[in-house]
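Okay, got some structures for you below.
Both complexes below contain chain A, partnered by chain B and then by chain C.
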Partner chain A sequence: MNKVLELKNVSKIYSETKNITNFLSKNEDNFVAVDNVSFSLESKKVLGLVGESGSGKSTCALMAMKLLDITEGEIFVNNNNITNLNLQELKKYRKEMQIVFQDSYSSLDPMMTISKIIIEPFIIHKLHSTNERNEIAIDLLEKVGLNKTYTNRYPHELSGGERQRVSIARALALKPSILVADEPTSALDVCVKAQVINLLQDLQDEMGLSILFISHELNVLRSLADNITVMYRGRVVEEAPTEQIFANPIHPYTKSLLDAIPKLDPSLRKRRTFIDDNYIQSNIPIFNLNDVKFVSKDHSDIGFVEVDNNHFVEAKVT
Partner chain B sequence: MENQYKIRSPFFYAVMRLISNRAALVSGVLLFLIVLMAIFAPLITTTSYEEQKFLMNSLAFPSQAHWFGIDDLGRDLFSRIIYGARVSLTIGFAAAVCSVFIGLPLGALSGFYGGKVDWIIMRIIEVFSVVPPLIAALLLAALVDGGFFSIIFIAGIFGWVQVCLLVRAQVMAFKEKEFIRSSLALGASPMYVIFVHLIPNSISPIIVGFVQAIPLAMMLEAGLSFLGVGIQPPLPSWGQMINLGINFMFFYWHMALFPTLALAITVLVTTLFGDGLRDALDPTLKGKS
Partner chain C sequence: MIRYIINRLLSIVFTFFFISILVFILMHAIPGGPFDPVDMPLSDSAKAKILKQYGLDQPLYVQYFKYMWGVLQFDFGIPYQSPGETVLELIGRAWVPSLILGGSGVLIGAPIGIALGLIAAIKRNSIIDYITSAISTLGLTVPVFVISMLLILLFSVWLEWLPASGWGEPKKWILPITAYAAIPMATYARYTRSAILDTLNKPFVTVLRAKGLSERKILFRHVIKNSAIPLVTVFLPMFIGTATGSIFVEAMFRVPGLGAYFVSSIENKDYPLEMSLLLMITVMFCFAYFIADLIYALLNPRIRLGDKKKQ
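== the complex of A and B ==
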């Protein structure tokens, strides 16, 4: 399969070197936000990235977009290494990949009208004439289910769902092949959420997008994603095709995520139990080296193993 | 339905918001009148500001012939206040423009880049805030020989600190917002982001800083004029006249009252108009008030 976006052994470490007056003292406080993460997005597929708050999902997305500096590792777009490119060299790859954020209100400039927001990509890349830009802006608005009456409005005059549609229209203006959706539906109510997901699905079919869809809701991903990658504390703990994850979760954290999905059947309702880090650490699956295909190993006894076809999990290997 | 939706420019709404704000409208008209009076001073006044025509009646109280009375040297106070508006307004506005020109780019750079750039600019600001402006201004004024332009320059280099800090705070608050990240993700350069997104979004602190810089410059001019290194008499300025009036305050109240009123009204009107302008330029307030 053709990989359009690939993260290879990417880490993000925040170190506390506060300011110039502190540079003499050597006590650095390191926080590892993302620890040696690798995953790849295949062409015209949807990869779901799931994990709890603070598990490093969004950090991964920002690093993939080169909006955050990468401490270690490499990022490939269409098999080109973009890790060390400067802003100028990066500009042509910017057309290829775009991002939609969770907070639709702060992702639109409050001082700009909707049409200005949507034609911003063309201004930055110096494409088309002014008239063409406005026509394309209206086309884009219609594509995301809005119409031209929106062009002269301001972001605060729109509802959350409408704003998110505008964000999507802007992200798609340059006809990218990769879309990173960083929890685009988390702030929306159920109905609007479904509409936005349908919209993304339609656009994916129409434009041949590859989508990295970040979410903490597994039921949203179930309807959308082809593959799911589960992150926990900055590490990828499980990776498999969507149905495989739902049918046969192996890692204790994945199991607890699935357990957290509300049940429709009243007789199955129960008070949820939450598992803590200790439980997860002590229940890491153990495999015998003979049963599984060994993929990679970085700590002493914990590695990433392939337990089934395309089903990877972080496990102890004996 | 679609055809009924009338497309109006954002500027139209800004003007509408300004007009619908009564305080801003009134103060805007007053400010305009004050500026007109300053420009057409020779047409309004009967005597020049330096003519000592009324020495016989010096220190006379306000009357029909001399609305604001006569000062200790026999000059018509009304003429002097009108002419003084020229000096005070020019210095106030020019110094505020200077402050914004220095403070805005430095504040935006400092807020956007952070780190070393921020550190250096903050240390410069600390130097400016530790030194008492009047003493430094006195020294500078003595070095460059006082006068009109050096007062503007001095007020400018002390006024930019406020503008810089206000803009820096706003830029720091906005640069982590997603629309900045979206813009960067689209391939925008840092300069594009600063000029197209961050500075327009800092419009309210810029106006606040501008409006604050005006009275500061006027007061600095008054102080310097009083100490003899500012505007040289007989050219009148309000600060100079207030300081002179204080000497006569207990017996001849009009000498201190009218220049003070002139300064206070101008500052108040500028502030109110600045507030109105700030609200009018913020589209998120559309439809309110």
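== the complex of A and C ==
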């Protein structure tokens, strides 16, 4: 399997030097947002990254794209280590990966028209002539289901779903091979959400994209993702092919996420369960070293184990 | 657009009359009158004669309408404290030093403040940021008369470079203008820093970085333009505000400007002057906000005034 994007033992510590007294006394408030996380995105696949709000998903995404300083660990793009590249050296990798955010409004410069927004990547990378640029912009708009009547509008003159399509068109302008989508559908209603997901699926087939799709809901990923990585409090707690996650969840946190999916059949409906940290802490799976093997080890007895083919979980080993 | 402008102008007229009534009532609600000298009380008959001469014996509402009728014909009355000239002549005379002082204070302070705020935002949480924020905090919290005194101490008393007070020659302008520039510098630095930081934290800036646009181009092509929108609405009215409210600096440096008349007109119950000065400020503020809103609308594609189709 060809890995296009890989995070290896990546950590992020946010240190706050909020005010001048902190600054003078070198007194820092450290917060570990991402703790020794590894996962990889395979070529032309969709990796779903799921976890509750604050679990560090966006932080991982930003680090993967080198948009945020990495405290520890390494990032690989097409097997090249980009962790320590400077901005100039990064520029050629920038074309390879693009990002789409949740908030479609603040993701677009409110002072620019749609066509200017889509064309800007070409200006940055000095690609194509002016005429070509405009044609490509219209092509891209059509690709995401909009048309050329949108070119001279401003972002506020579009609906949320339309704006998200523009964000996607802009992301695709440079023909990236990797797309990071950070909760691109969370702000959209169910119907538009489905449209945008279908669009991403189509584009993935058509352009051979590899997508890192971030969400806090598992059901969004069911049809879209090939593999799912579950994050909890800055750590990866489970990782498996999508069917495995739904059929045989092992970590208590993954189970609670599955329970949180709204059920269609009323007889299956339970009272909505909220994520209970005590419950999770006290139900960390335990395995015997004879049955499984450590993939990596944190403390003497806690680590990442492979319980099944390509199914990994954070567990205690006795 | 035209309709919007007409609406705004009408609301300015309304504000003007509303404020005029308010000021008139408050002015007369303060006990005492203009012709009650403490040291040399007038006889009752003499006082009645003077009151009658100035129309102060009539009911308040009559006085109000008479005065406002005059105002509509640009007759703002005669100041009691200087009966040899009209209110308009007095304001016209005292206005010049105030305008030079306030205007150049803002024109010097604002660009410096904006530049400082910009640098602080780009280099946030660096030592430069902290120094800038310390300076602007000082500028905002230390009263302007303390700044004035320090300047006088340093440059007039110790170094003996500049005169401590007066206004006649440009050399005497330097210290008051410097003292005066401190406030706009401090406020503009603050607002600019927070507006720029706000924009820098927007996802679209992150997207631009992801596209490979350099920080410098992100700043000049996108961030400044987007930050200008909120800043315009704050800065323009503030510009007028600072350009008029120079009372303390004028007092410290004995500048013969309008500032002194604000105080004396209230102290001496100089009704025509008090009323005129306050109405003048009202009008200036109204127009400052009006112009700020127009510029805001021109800059901001989200607001196409009166363009109902798109709202």
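We take it that the second predicted complex is superposed on the first by the 307 of 318 C-alpha atoms of A that agree within 3 Å, B and C clash if a C-alpha of one lies under 4 Å from a C-alpha of the other, contacts with A are read in each partner's own complex, and residues count from 1 in each chain.
By our rule, a residue touches a chain if its C-beta (ideal position, glycine included) is under 8 Å from a C-beta of that chain, and two chains touch if they have at least 3 such contacts.
Quick caveat: nothing in here was measured; it's all calculated off a predicted structure.
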item	value
Clash-or-fit label for the pair chain B, chain C on chain A	clash
Partner chain(s) touched by A:R170 [first = chain B, second = chain C, both, neither]	both
Partner chain(s) touched by A:E243 [first = chain B, second = chain C, both, neither]	neither
Which superposed partner A:E135 touches (first chain B, second chain C, both, neither)	neither
First, second, both or neither for A:T151, with chain B first and chain C second	first
First (chain B), second (chain C), both or neither touched by A:E206	neither
Doubly contacted chain A residues - partners chain C and chain B	20, 62, 65, 67, 87, 90-91, 94-95, 97-99, 101, 103, 106-111, 120-121, 124-125, 154, 156-157, 167, 170, 174
In the complex, chain B residues that touch chain A	2, 5, 7-8, 10, 116, 119, 177-179, 181-190, 192, 197, 200-201, 203, 282-284, 286
Contacting residues of chain A [partner chain B, same complex]	19-20, 62, 65, 67, 87, 90-91, 94-95, 97-99, 101-103, 106-111, 113, 120-121, 124-125, 147-149, 151-152, 154, 156-157, 167, 170-171, 174
Of all residues in chain A, those that touch chain C in their complex	17, 20, 23, 62, 65, 67, 87, 90-91, 94-95, 97-99, 101, 103, 106-111, 120-121, 124-125, 154, 156-157, 167, 170, 174
Touching residues (chain side chain C, partner chain A) in the complex	125, 127, 130, 133-134, 202-204, 206-214, 222, 225-226, 300-302, 310
